[in-house]
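Look at the two complexes coming up: chain A is in both, with chain B in one and chain C in the other.
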Partner chain A sequence: MYLVISSYQILLKEIVSEFRTRYALNALIMFVVVTISMVLFSIGTESPSQDILSGTLWIVIFFSAMSGLSRTFVAEEERGTSLTLRLLTSASSVYFGKLFYNLVLILALSMFIAGSYLFIIKEFIVKSYDIFWLTIFLGSVGLASASTILAAIIAKANTKGTLFPVLAFPILLPLLLTAINATRLATEGAFFVEALQEFQILISFIIVMITASIMLFDYVWKD
Partner chain B sequence: MTTLKLEAHTVAKIYNRKSIFQNVSLAVKEGMSFAITGKNGSGKSTLIKILCGVLSPSKGTIALSINGVLINYPDYYPYIGLVSPYLNMYEEFSAEENLIFIKRIRGLNSDTDERIKFLLNDFGIYEHRRKEVRNYSSGMKQRLKYCAALVHQPPILVLDEPTSNLDEYGIETVRKAMKLQKNHGALIFGTNDKDDLRFADQIFSLDKLEIGN
Partner chain C sequence: MKLWLKIGTAVWLTGVIVLGLGIPMVKVPSGFFQFPIIPGLEEKARNIIFHVPIAWTTVVAFVMAMWYGIQYLRTKDIDYDLRSVSSAGLGMVLCVLATVTGAMWAKFNWGSFWNWDPRETSIFILLLIYAAYFVLRSAIEEEERKATLSSVYSIVAGVTVPFFIFVMPRMMAGLHPGSLGDSQGKGPVLQMKMAPNMLIVFLASLLGFTILYFWMYSLKVRSMRIERQLQQQSE
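Moving on to the complex of A and B:
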């Protein structure tokens, strides 16, 4: 019960703090607007395949996540509040609080990106919306689960900004490839059962990442 | 009064293959005021963080027992209040919001609201409780750190440079809190200030690795 209460308090603190400081939010929104505009301009009058458009959607989601999700731990280190947090609650509470915050942030971001992408890129046509939105949801959860532990690791490093996408890319590659494939199936109008294998991979990825993170986080958090 | 004992056995800390200190052994019991001294860079703040369970020792062990129950290291956070220059409050929140966040995350009951009010008053920042901490002076921030460390009435109060950044009123309030803490549990502080050292029952020198009175 204590774990739930303290994790919830950290989540709440992160949300209020983000709305007051706009540490990640403004940069993220600008990033999304710029990247979707660039995709739109580069397409021009061409008609790229659904494979390519599915790939570019996840490129936008991946890099937006990379620019925002690391902030949760980096901000604590930069502001010198990580010691305060260590003195207030257990490592598990901090991990789950930050994980849920990243989850809220990436889910909102992915929904916004996917909605804007569907609206702006007319060539991107989704035929199976159930597969599409479930892929966006599971892909976002996967991104949050991997990014949270990576953010905790890189927050201790000197080169925080550049290290995050470099470290995250090999870990997130299986997730991204599977998500791109599932998105392609959604554009082809596949039946839900045809995408089950992709969903199984995404769910397995999430379970493995969260389990490994719970085991690792104590060591990362306490130096 | 709580029966408590905090012990360090042959503790060492190594950073980047460089030894900060080695073979530190000490024991702090309830009702005791224990000072840690040492020249700059001797590792006073590092030892304090290790004793609080926020930094792991490279060698040796730390043991905290409360009423005969051994507390699992490093989960000492419910029993320790720390004031340190390395500790910052959330600047985008007001003093009151910071303390309410601490109350909630620690799972403290509603009686704590009265204690928060008392502490803010005692440390002279009650009138500024609704101002964002980013607008505070360094002395006011130091006072707020004391309020944060004392909200849960910790059996062990740990102070790193207790009177730094404080004016006369602040120093007086801190010294009152130090005296009170001795009756309530134990006090550990790291300093080289001779006036502060008068409050110590035992003084541990990190330079000589020995305990004096």
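Moving on to the complex of A and C:
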């Protein structure tokens, strides 16, 4: 019970401190707008295949997540508040608080990306919306689950910004490939059961990542 | 390592190379010193004696690096970190070798050096993981923090490996045996359909390369220990 309350408080603290500056939120929305317009301009008058468009959607989501999700721990180190946090609560409540904050952030972000992508890029036609939105949801949860522990790692390193995508890409690749595949199925109008295998992989990836992170976070945080 | 083991490994691997390259391939093999011709593979089949053991040793090195990473986190003994990083360094060299031998085989068998077959994708990711591991290490100065964080990263990367070895080849059609669309069975471990004498040379090569790896590994660990001692003395 203590864990639930304290991680909820960490989540609240993150949201409050985010809304005080709105640094990440504004920058991320601009990032999304810029990348989607880049995609739009590069398409021009061409009509690319659904496969390419599903891939591009996940490229946009991946790089927005990479620029947004590392903030939680890096900001803590920059402000010099990590020591206070370490004194006040347990490592696992910090982990869960940050995980849920990342989850909220990336879910809002990828909903926004997917929505505007659908709206702006006319060639991208989704036929099975149930598969599409479930893929967006599970893909975002997977991104958050893997990047929380990686963000904690890179917050302690010297070159923070460039290191994050380098470390995250090989780990997130099974997730991204599966999500792209499921998105392609959604554009082809597949039935829900046909994408079941993809969802199983996504869910098992999330479970594996969160379990490993819970076991390892202590060592990173208390270092 | 004992001297007899070193000489033994050298002789053993020389034997494997001589046998693997030297045994003639004939249509109807008779006796130990003749390999059967596999249609479609012909002389190129010899690469299995070198490519597969190197790829296997790459995985052994990766698992060892992860295992000593876990041991470091448990005990905080810096010696385990030296072992972990030695194993990862050797694993990276072996990974490059496996990629090169595989790419050459792919060129002559499938037509191009790289096809993004699921196994090729996996080894590419393994290379990326190794590279990221060393980039992470170079970005941290403090010795203990470097050891802890790189151990954590190697474990996090390690738990995703099953997705590549077991999940991806099931999903995508591939060229390697054991992929989706291959009629010869779908197991991650190939069904041993080799000729018995070829299998013996193959297993001998597997053993030889594994022992060679442990030899190189013990040399690397010893040199790392001495390097660290010298560094401490100079400080």
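Note that in this section the second predicted complex is superposed on the first by the 223 of 223 C-alpha atoms of A that agree within 3 Å, B and C clash if a C-alpha of one lies under 4 Å from a C-alpha of the other, contacts with A are read in each partner's own complex, and residues count from 1 in each chain.
Operating definition for what follows: a residue touches a chain if its C-beta (ideal position, glycine included) is under 8 Å from a C-beta of that chain, and two chains touch if they have at least 3 such contacts.
Being a predicted model, the structure only gives us computed values, none of them experimental.
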Report for A:Leu167: first if it touches chain B alone, second if chain C alone, otherwise both or neither. second
More residues of chain A are touched by which chain, chain B or chain C? C
Should A:Ile120 be classified as contacting the first partner (chain B), the second (chain C), both, or neither? neither
Go through the superposed model and pick first if A:Leu177 touches only chain B, second if only chain C, both, or neither. second
Going by the contact rule set out at the top, does A:Arg86 touch chain B (first), chain C (second), both, or neither? first
Regarding the shared-chain residue A:Ile149, is it in contact with chain B (first), chain C (second), both, or neither? second
Under the stated touch criterion, which partner chain does A:Ser213 make contact with: chain B (first), chain C (second), both, or neither? second
Should A:Ile201 be classified as contacting the first partner (chain B), the second (chain C), both, or neither? second
Is there a shared patch on chain A that both chain B and chain C touch, and which residues make it up? 223
Residues on chain B engaged by chain A in the complex (per definition of touch): 49, 52-56, 74-75, 77, 80, 82, 84, 86-93, 101-102, 104-107, 148
Listed in rising order, chain C residues that touch chain A in their complex are 73, 125, 128-129, 131-132, 135-136, 139-141, 144-145, 148-149, 151-153, 155-157, 159-160, 163-164, 167-168, 171
Residues of chain A that touch chain C when the two form their complex: 146, 149-150, 153-154, 156-159, 163, 166-167, 169-171, 173-174, 177-178, 181, 197, 201, 205, 208-209, 212-213, 216, 219-220, 223
For chain A, which residues count as touching chain B in their complex? 2, 5-6, 9-10, 13, 16-17, 20-21, 79-81, 83-84, 86-90, 93, 222-223
